[in-house]
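The structures come next, written out as structure tokens.
The same chain A turns up in both complexes below, where it pairs with chain B and then with chain C.
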Partner chain A sequence: MKLTKLFLASTALTAMTAVSVAAEVENLTLVSWGGAYQKSQSRAYSEPYAEMTGMSFNWDESSSEAVAKLRAMSEAGNVTWDLVDVEAADAMRLCDEGLAVEIDPDEDLAAAPDGTPASEDFGDMIVSDCFIPQIVYSTTFGYRTDLVGDTAPSSICDVFDLEAYPGKRALAKKPIGNMEWALMCDGVAKEDIYDVLSTEEGQEKALAKLDTIKAETVWWSAGADTPQLLADGEVVMGSTYNGRLFSVIEEQKQPVAMLWDAQLFDIDGWIIPEGLSEERLAAVKEFLKFATDTQRLADQAKYISYGPARMSSAPLVGKHADLGIDMAPHMPTDPANAQNTLLNNYEFWADYRDDIDAKFQAWLAK
Partner chain B sequence: MAVMSETFKPATPLKIGAPGALGGVIGLFVGVANGSALLGILIGAGLLAVLAYGSMSLGNGQERVVRWVILAAISALGLILTGTMGLVLGLIFGWLFGWFIYWIGEGRYRAHLAPYLTSGQVLWHYGFLLICAAIFAFLITPILVVMPLSFNAQDFFTFTPEMLRLDPAGYSLKHYRDFFTNSEWTSAVANSVKIAPVATLISVSLGTLAAIGLSSDHVPFKRAIMAILISPMIVPLIISAAGMYFFYSKIGMQGTYWGVVLAHAVLGIPFVIITVTATLVGFDRSLTRAAANMGADPVTTFFRVQMPLILPGVISGGLFAFITSFDEVVVVLFVGSAKQQTLPWQMFVGLREQISPTILACATILVVISIALLTTVEVLRRRSEKMRGMSPG
Partner chain C sequence: MTDVQMPAGDQAQQDGPMLAADGTTLKRSLARSLRRRKIQALMLIAPLLLFVLLTFVAPIFDMLYRSVENSIVSNTMPRSTTLLKDWDSATGELPGEDVYEAAFYDLFLAKERKDHTKLGTRLNYERTGLSSMFRQSGRGMDKIADAYLDPLKDLDKDWDEAEPWLDLMGDADWVAIAKDARAEEAPNFVPNAEIVTLLPNTVEAYAEFQTFLKEEDPRKRLGREEPWGLVHIALFNDLEQTDVSAYSGPGADRLAEASQLVQSGTVDIPTFAMGFADAHDGWVNIEIWRTIQTYSPKATTGYFLNAVDMKLTPDGAEFRPEKERVYGLLFSRTIYMSLVITFSCILLAYPVAYLLSNLPLRQANLLMILVLLPFWTSLLVRTSAWKVMLQQQGVINEVLVWMGLIADDNRLALINNQLGTIIAMTHILLPFMILPMFSVMSTIPPSYVRAAKSLGANNWTAFWRVYFPQSVPGIGAGSILVFIMAIGYYITPAIVGGNTGTFISNRIAYHISSSLNWGLGAALGAILLAAVLLLYWAYDRIVGIDNVKLGG
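What follows is the complex of A and B.
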């Protein structure tokens, strides 16, 4: 008898939840990378917005598989994400496949305080019609100050120098970055890197250079791996995102220092998935306008050491919200840090990624 | 037996050789940690052999004194060499060495064994125990290692030098504080607690009914039905999950609370069916006929006669179903949305995106809860068996 009652009760509950799906948008699902980065977005964008409008936010830490999941969602005809944080390269792919909404920067995004339209304020950062840039970050190296001897590494080629800096290194388990650095340290001039890398011999050459440190390399796939390996002293130096290294050095106080040489710049930003209802799209765009204005982008730099994508935000970057240290010297774009930089070449990697990826994975397995 | 142990005296090479071998093994570990395995073995073996020879030549009456001396000496050595941690290890090993030397030297290892066993059989007896202990350690160590790490004062999965020195500054409860105050974790716990019991209730109700139906004689195609009902356990989870994702998307249940509950119920049903079917094998059908004979309708018979007897099977099936739902990460990643982010999901993304010891704090809490839960169920089961006189204990 009790069972029957329970079933009745559960059926009633199902019916109730079905009814309570509200017509007005009160809740947005944002997709990001988790960790300190997501927290910085939450504190700089969504918390103030929630206070202003009463909107509530759900965070889904799925950015690393955003492309695959968005494909599945569009196939199933059931898009449950409202705003997705992705790398520029992924935004281009999603845009090409029609999985992201095209936006008009001057219409959909706020102008700078001095009236400069958004398209000029973001400038070259808008690498795709669907992409709303947020931050400039870089993939760069950190090293254990207590394990590198008397002369700290100062050049990217020190990563390949096993004699001067014996010990394990941590490198990303993907060709982007590693191939460029290998060629640079094999005597290829910076401006010729992508010309060389587009040839079969050039790719062989890069892999041959990587071969010299392969036995001493730990391959990482999540941004949190290298900080852990550095903290353990399991690696002497390793590449990861500069914000992660900032957290290891300044927040966790580990004996680690930055090696900014040949840092690889990349852009991260939002896309709106295709297939949202009209009300949701309007609600998302309203939030987006707020979250990418000059002040909000500058605010994010209070919580994490990534550079704001708007030119007008740069002068507003202040001190870290909790640590009270000046953030400008920790930005990858700071002149002292940006003496020698690479920029992720999206066009090149869009054309060659599959091919070089396959070769890289085959080489890894050897 | 006591007489046996007095008359039995092991040969001198064994008295010194066995402690020497123990010293060698422990020396190997210490040596590897300090850079030289060979030196470790030699020092360890030598030290224990000398200790064994010394204590044995002192004769019988001195055991208590000698063991205290060994304990004090080794602890002091540990304290001088590596501080507090060395003292703890020294106390453990000092006690172990003293006990082992006399256990071998006085022939106590034969005390509770049958007197006619050959040396080889005695060796195998203890070898077997050693293998069992090694397997046990192999299974349990990864779980135990997590626990001290969860009290780490740093945000990494690292035994810091402070922790190894047992310095209080190296330990902190901040990851537990984070677990109980961070909204990501608290809402994940809340979601898991909302989903798992309801899914369990559904799987237990449906699974028990299915098991009873399948065990009656008049049901056709029993094997085929059974195979279909068990299939969620056999089909790779990722396949079920992808299938459910597309199916739920079509009918608008993807990303809903009930979608996740039903998906978890489906995964839990096979466990209930299997355990209840196994209990029903020992169930005497004539009891239900007797109840019917006395005028009870089938429902009354079920709740008053059958259910109490198969309850142990139902409870353990329910426990499995609960754990399946509580531990499940693949299906919920597909079927759920951010609003149904469960504890395993949070742990999964937490491990991938930010290696934070909060996961270890959570794991420790879960381990403690699991142990408490299983102990409770086991105690209840034994008590009910005793009350019904099913178990001689």
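What follows is the complex of A and C.
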């Protein structure tokens, strides 16, 4: 009885704040990555919300520099963003620097339809107190089906096999991912990778392995590079975000296929910047509750092949909105694709990013 | 002018300075009008000057200042860094318990303000692993404090409640106001007079706690927030020294109980050093303390040393291992490639500028438009176009293969290397060379060359001895422009440079926007700026800056 009352009271309160908020804050500035991904967010989250409440949205495509810009904004005392889409690692950094608001998942986020509280529904995806997970994506390899001969590559180590698969490869111009794959293919067991990588010898071992293909590698810095290189036939295989490969394969119908082996899982989600006024904060949280509920996350998968971060959203994933193909087999989390996966070790990279990056760049420049 | 004695006129019979119409001396009058003009001129440029100062010069200096600024360490850990000054790391012994105690207060407060992770990020630039060490140690500080709270809590749950503390610490009248929920802002803490004499440290810690609460959010109340661990520790210290049996105010029973417990000596409180060791094993690693000690001063040379492939260690500056040296290579590469680009621009631009200045106006205008056209196209578009041209399956390679000049499996590597950067940047910077050259050449009178020829010079001599020297100022201006622009370029090298064609600016951009090591980015930028100024100075000494002309 008491619970019901509490529930009723809180609903009334939420409704009241929603009304008062709508009267005060009329537009929100969302920051994202641009391209097909931002479009999927717009179609799945903000357009329905705008229809419901009359809120209008500005999009800023600055996510790749979000941490630097937020730091600058906070130093200038003028935060102009309301909600920012960042990688989990960046969310951790923003939280560490006190630039993002801490979130109480069960209070600020909607529960699953069956009543499972948000903290359980998201589970391990909540890697930082400030982070509201949204999608699971992976960095994985795509290859040209017409340039790899009769046997298509099936293992991550084929990337390092120049004899069986001659030709150029595209790899990211950063150590994350490359170092792990190099060690894996140098005989290090998956569970030992980070232990090995934390030692000087381990780092050298990884670079030595990468040395074997260095001359045959094109280094990319933007996620769109590899799809372009693959489409042009400049490289035989290359790593990039799985959603980008999906659009090369399914939307542009290029002769490219996925190599899901040892895909590197990563999480992307929202943070609320610190320093918003109370009204804006309330308005943002209201939107956030809507945009990260079970149905909305599942809806996003209609537009792009990234897996929803909520467990309860997975069964709701349907067909692509425009292509009409089943989306589940294209998700990085699909059991057939996820037989061998790595999870980005955020704690490790928070510590070792500067150190290993310095070594990696020095190695690269020589 | 001053000493010039003008011959006396009709009216001025006597010797003396010349007077202006209003009777003042001419000198003063002149000076005044000159000053007025100067002020007028200054007023005219004032808006621009202010704008440039505020939006350009000030931010640059602010940014460059970060290359030495290092107050975060001593600001976040003021107590421990002061004590660490006297710690001799050479003895090989860990700092004493006093340092650990100071570090506890520092980190506890830093954790409450969420500053400890910032410090961790800062120190992680110098020593890998400190980022997670500080992040994890935040929780460890609570654990240290809990060692004091837990025995109290076992005695009476009220020790972990907000209101009983309020009743115990506060003056009775103040408590009544503090509990009034209607007040907009929490009233300043007024301690109970009796308690002040009994528990001075506790009162102080409690007052500090309120200050902190107010700082965080003015609506937070002492009566609703259970005090932080520092209050419990202060209470322990007070109870060890004072006898509270005479006290009879609110909470007297609890206090007496606690006093008994503390004085009985049965409570097992670990040392701060043990607490730290428990929080993270890094705290018992002497190297980590040495790093903190080394980076305690408010200003550091660490960033600049990093920028020249060195490292500030407790034993002084030393070079990084060979495998980690990258900035020296990048600096020399940047300067070398900028020079190559400047020279290829000179070679390509000179004939074009010559043609432009000697063609009839109609054709010259058309050619000029062709020069300017790429100028009006976005930089990214031009760079991406070069990608299409230069790549292995690109236009140039396809044509060469089709013509049979190169084999299909032996295509030229024209991109993702230094060559690609040089080609694309030469093209992009070419207008900056052509335009100053053109504007200088178009002022060279053709009659000079004709005169030389009529005096018997052949074509080459007439060009080399008469025309070329007059065009040098244009080359100088173009070269400075192109070189200085090239040295700071980063978009084009990032797109077409691969791993061997990137510039130092790519690393600066990386440190500013990705790694967020702004100090290192600023140090690299300052070195780059100094290098440009040095080259400019050298150019002035060798060629003379007066010889540079951007036009007639």
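Throughout what follows, the second predicted complex is superposed on the first by the 343 of 366 C-alpha atoms of A that agree within 3 Å, B and C clash if a C-alpha of one lies under 4 Å from a C-alpha of the other, contacts with A are read in each partner's own complex, and residues count from 1 in each chain.
Just so we're on the same page, a residue touches a chain if its C-beta (ideal position, glycine included) is under 8 Å from a C-beta of that chain, and two chains touch if they have at least 3 such contacts.
Values in this document were obtained by computation on a predicted structure and should not be read as measured data.
J.: Quick check for you: in the superposed arrangement, does A:Asp232 touch first (chain B), second (chain C), both or neither?
T.: both
J.: Given the touch rule stated above, what does A:Arg93 touch, chain B (first), chain C (second), both, or neither?
T.: second
J.: So, does A:Thr29 touch the first partner chain B, the second partner chain C, both, or neither?
T.: first
J.: Have a look at where A:Gln252 lands relative to chain B and chain C in the superposition and call it first, second, both or neither.
T.: first
J.: Identify the partner contact of A:Asn78: answer first if only chain B is touched, second if only chain C is, both if each is, neither if none is.
T.: In the superposed model, A:Asn78 contacts chain B only, not chain C.
J.: Using the superposition on A, tell me which residues of chain A are in contact with chain B and, in the other complex, with chain C.
T.: Correct list for chain A: 64, 232.
J.: Can you tell me which positions in chain A touch chain C when the two form their complex?
T.: Result: residues 64-65, 67-68, 71, 93, 95-98, 168, 173, 204, 218-219, 221, 232-234, 347, 350-355, 357-359, 361-366 of chain A touch chain C.
J.: In the complex of these two chains, what residues of chain B are touching chain A?
T.: 154-158, 184, 198, 201-202, 205, 245-246, 249-250, 252, 254-258, 299, 337-339, 341, 349-350, 352-355
J.: What does chain C use to touch chain A in their complex?
T.: These residues of chain C touch chain A: 114-115, 117-118, 120-121, 124-125, 128-132, 135, 323-326, 329-330, 333, 391-394, 416, 494, 498-500, 502, 507, 512-517.
J.: Quick check: in the complex, which residue numbers of chain A touch chain B?
T.: So the residues of chain A in touch with chain B come to 1, 3, 6, 10, 13-14, 17, 29, 33-36, 58-62, 64, 72-73, 75-78, 80, 222-225, 227-228, 231-232, 252.
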